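Lettered A, B, C and D in written order, each chain numbered from 1.
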Amino acid sequence: MSLFKKVIDGVYNLLLGLKVTSLRLPERAVTLQYPDERWEMPERSRGIVVLLSDKETGKLNCTACLLCQKACPTAAITIEREKGEDKKWHLTSFTVDNTICCFCGLCEEACNFSALKMATKYEFSVYDQSELVFDMKKLQELGRDVPYTPRPKKKKPVVKKPAPAEPAADEMKPKAEPEKETESKPEPEAETKPEAASGDLFDDAKKEPESNPESGAEPAQKENKPDSSEDKKPEAQE
Amino acid sequence: MLSETASLVFYTIAFVTIASAVMTVSLKNIFHSALFLILCLFSVAGIFILCEAEFLAGVQVLIYVGGIAMLMIFAVMLTRQLTSFNVKQLNEQKALGSLVAFCFLLIALGAASKTLSVKGGFPLAENPHISGNTTHMLGNLLLTDYVLPFELVSVLLVAALIGAVVLAKKDEE
Amino acid sequence: MQVGLIHFVALAAILFSIGMYGALTRRNAIGILMSIELMFNAVNINFVAFAKFISPVEITGQVFVVFVIAIAAAETTVGLAIVLLIYRNFKGVFVDRVNLMKW
Amino acid sequence: MELEKLFAFFGDLLAQIGLTGVALTVVVNVLVAAMLLGVLAVMALFLVWWERKVSAHIQDRLGPMRVGWHGSLQTLADGVKLLQKEDITPTNADRPVFFWAPVIVYSSCFMAYVTIPWGKGLIPADLNIGILYIIAITTFTVISLLMAGWGSNNKWALLGGMRSAAQIISYEVPLTLSILGVVMLAGSLSMQTIVAGQQEIWNWYIWRQPLGFLIYIIAATAEVNRTPFDLPEAEQELVAGFNVEYSGMKFAMFFLAEFLNMFTVSAIATTLFLGGWNGPILPSWMWFIGKTLAVVFVLMWIRWTYPRLRVDHLMEFAWKWLLPLAFLNLVLTGIGYELWQRIFG
């Protein structure tokens, strides 16, 4: 008897399956025809990394602070800079190697100047691998029309001369200059926790350049090494 | 006698049959042998059709090609070391075996020509044409005159089936 | 030349001899089984040809072919089971290795 | 629309030209074969496209949309692509076997169409062993699959070939037995006679053989290696089974043969159970193709509904369920037929 019940049950379930699929048949498609239609990507989606520039002046927002380079877990970002005559760091090259970028968005979080952003663009296939290494020009071009809202500067208790509410980074620099010597020295460790220490934007920017070039790069490498060796050990054991 | 066209067809099929049979017994690769066996059996089905035995031709293909040859191929695949070219495929009786087969061929052909070519030697039908549906006739014969052998063959098949299962089963202990 | 009964019989004889040669000279048990199938088929050709040329009214020959085919199937199943046993016990399917009863 | 008249006209034309005897037969047969080849090639292309569309719509997708109207020329584009591809033969392959396997699978599935009635009088050859011929000739598929598996010299291919042979042989038994029920009722193996026995819709053999029809559909699904019985080419386990080493045109031949086989079993189901080309108003060949495509759609529907069976379940189902049911069907048919004859005959 239980056999009969089983058989009837099974047949019923099979028919139920057919019913389900037949009901899907007249439904409208939920997919898009990709090259013809595209999803509108949400603004915070993580696509390709672009450099943002000021809308009016067209200059890059980047202050060459190296925060993003340090934040990058895969070392996809490489920044070269030089000290200008105005004793400020100037960007000479900014490359993003998209072959190793993992699209984690840490660089965007690390940036304090709304200088770089993960744009919504996600199609950048090329014919040659080397074309995936984007240089500064390319990144700026990509970021030309990317809308962004400059990050609100929440707390500025340390600032002596409050900056204008929404200044572009380039405009701010001259004003920040005088404070550089006085304020950057007290907190040299701040670089390890940029988010927490970024009470003052200008401060941060000024302080890092000085301490970083040699000392900043080394810790990063040291951090990397144990990581990689840990990664390799289990493999070797296996 | 067959018609001109049918004779031509007969010679073609006969050639294929014999050639593939020779390949079957002579090839070193036993898998290829099995495939030529299939070709041979298939062309024998063609001979059957020439003899107006369509039902048998269908059964021939279904049973031999679909069943027996398939079993052969399975056996080839289940047993290793069959297809390597280093293995000697013929035994020491090669010369003797071919001699015996050749003698048999001569005797058979001699006997056939003795009995069949002589006028009045063998009661040939005047009109060698099977009138009617052979399938129908075959079915009638099998279930009337030959019902006992028919049943015996089915018993034999069941016995062979069980025997094969018992033989091929792995010992429990 | 028009084809008559003699041609069918000759074809069957040739096929049978080929099968016999194979059965006598093959070392491989599966090869021997195949040769035996060839001989069965030679016999079948004879039956069918005789049915056509001698008794086209009552096709007794064809009935026998049915039996032969059935018996061939039975023979193959048992034969292949034996081949598998040989393979299992003698680590190969070469029948000249199966010499336990030879003195 | 009346294709029969068209063919009769062509026959007269050929006779008037002066062809007689063997020459006429040869010419007519070659023409019929060529026509069949053309129709089936188009049908295979259509079936591939249709399968993709049905699967897409069941999964709330659209499927191919780019080539032609709703992607209707997609298969043609794929065919052209496959033609251009490199024809690879593995180094250690058994070359002749590897080469002949797709040829045999393709030609055997064409040969099956010799006795399939496309319409009233539209049958290439009405053999008196019709359905037996089809069953016999389709066994060559198994051989070609085994040849493909063996010839590729690849363990997945070999496993796929072995599995498929085991599966097809197992399911052939209930398939043949389910067909036998219809043969008993029709009293003939000839396809035209079987069709002639089901003039009206209530005469269709499906009403007298519902169990047989069910068994036939299940066994036929297994026979043509379709989901849920597609173990021989289970992508996840065997990558593609017997055709893993095939590329280019040889692969295309396997692929098209698969779809043609599906059409073949549907055509047999139509002929045996669904009244063949019988139907009102429309020309007979339209009825035949329509009914066959309906059966094909059911097969596709089944494919995109059920998951794949496990290999031991597959064998168990064939031998422990379908085979006894098929025997039961046969016995019931015999008893029922005899009773019917006694009471009404």
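Keep in mind that, in the parts below, contacts are C-beta pairs under 8 Å (C-beta built on N, C-alpha and C of every residue); 3 or more make two chains touch, one makes a residue touch a chain.
Bear in mind the structure is a predicted one, so any value in this text is a computation, not a measurement.
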Q: Using mean Cα positions as chain centres, tell me which chain lies farthest from chain C.
A: A
Q. At what distance in angstrom does the C-alpha mean of chain D lie from that of chain A?
A. 57
Q) Using CA atom averages as chain centres, what separation in Å is found between chain B and chain D? A) 28
Q. In whole angstrom, what separates the CA-based centres of chain A and chain B?
A. 77
Q. So how far apart, in whole Å, are chain B and chain C when each is placed at the average of its C-alpha atoms?
A. 6
Q: Answer with line, ring, star, complete or other to describe the graph linking chains that touch.
A: line
Q: Could you please write down every pair of chains that are in touch?
A: A-D, B-C, B-D
Q) Across the complex, what residues on chain D touch chain A? A) 54, 56-62, 65, 301-302, 304-306
Q: Could you please specify the touching residues of chain D with respect to chain B in the complex?
A: 22, 94, 96-97, 127-129, 132-133, 135-137, 139-140, 142-143, 146-147, 150, 158, 162, 165, 169, 172, 189
(Q) Show me the residue ranges of chain A that touch chain D in the complex, using the header's touch definition. (A) 14, 17-18, 20-22, 24-31, 33
**Q.** Parts of chain B lying in touch with chain D, wherever the complex brings them together
**A.** 5, 29, 31-32, 35, 38, 54-55, 57-59, 61-62, 65-67, 69-70, 73-74, 77, 133-135
Q. For chain C, which residues count as touching chain B in their complex?
A. 1-11, 13-22, 24-28, 30-31, 33-35, 37-38, 41, 44-45, 48-49, 51-60, 62-63, 65-67, 69-78, 80-85, 87, 92-94, 96
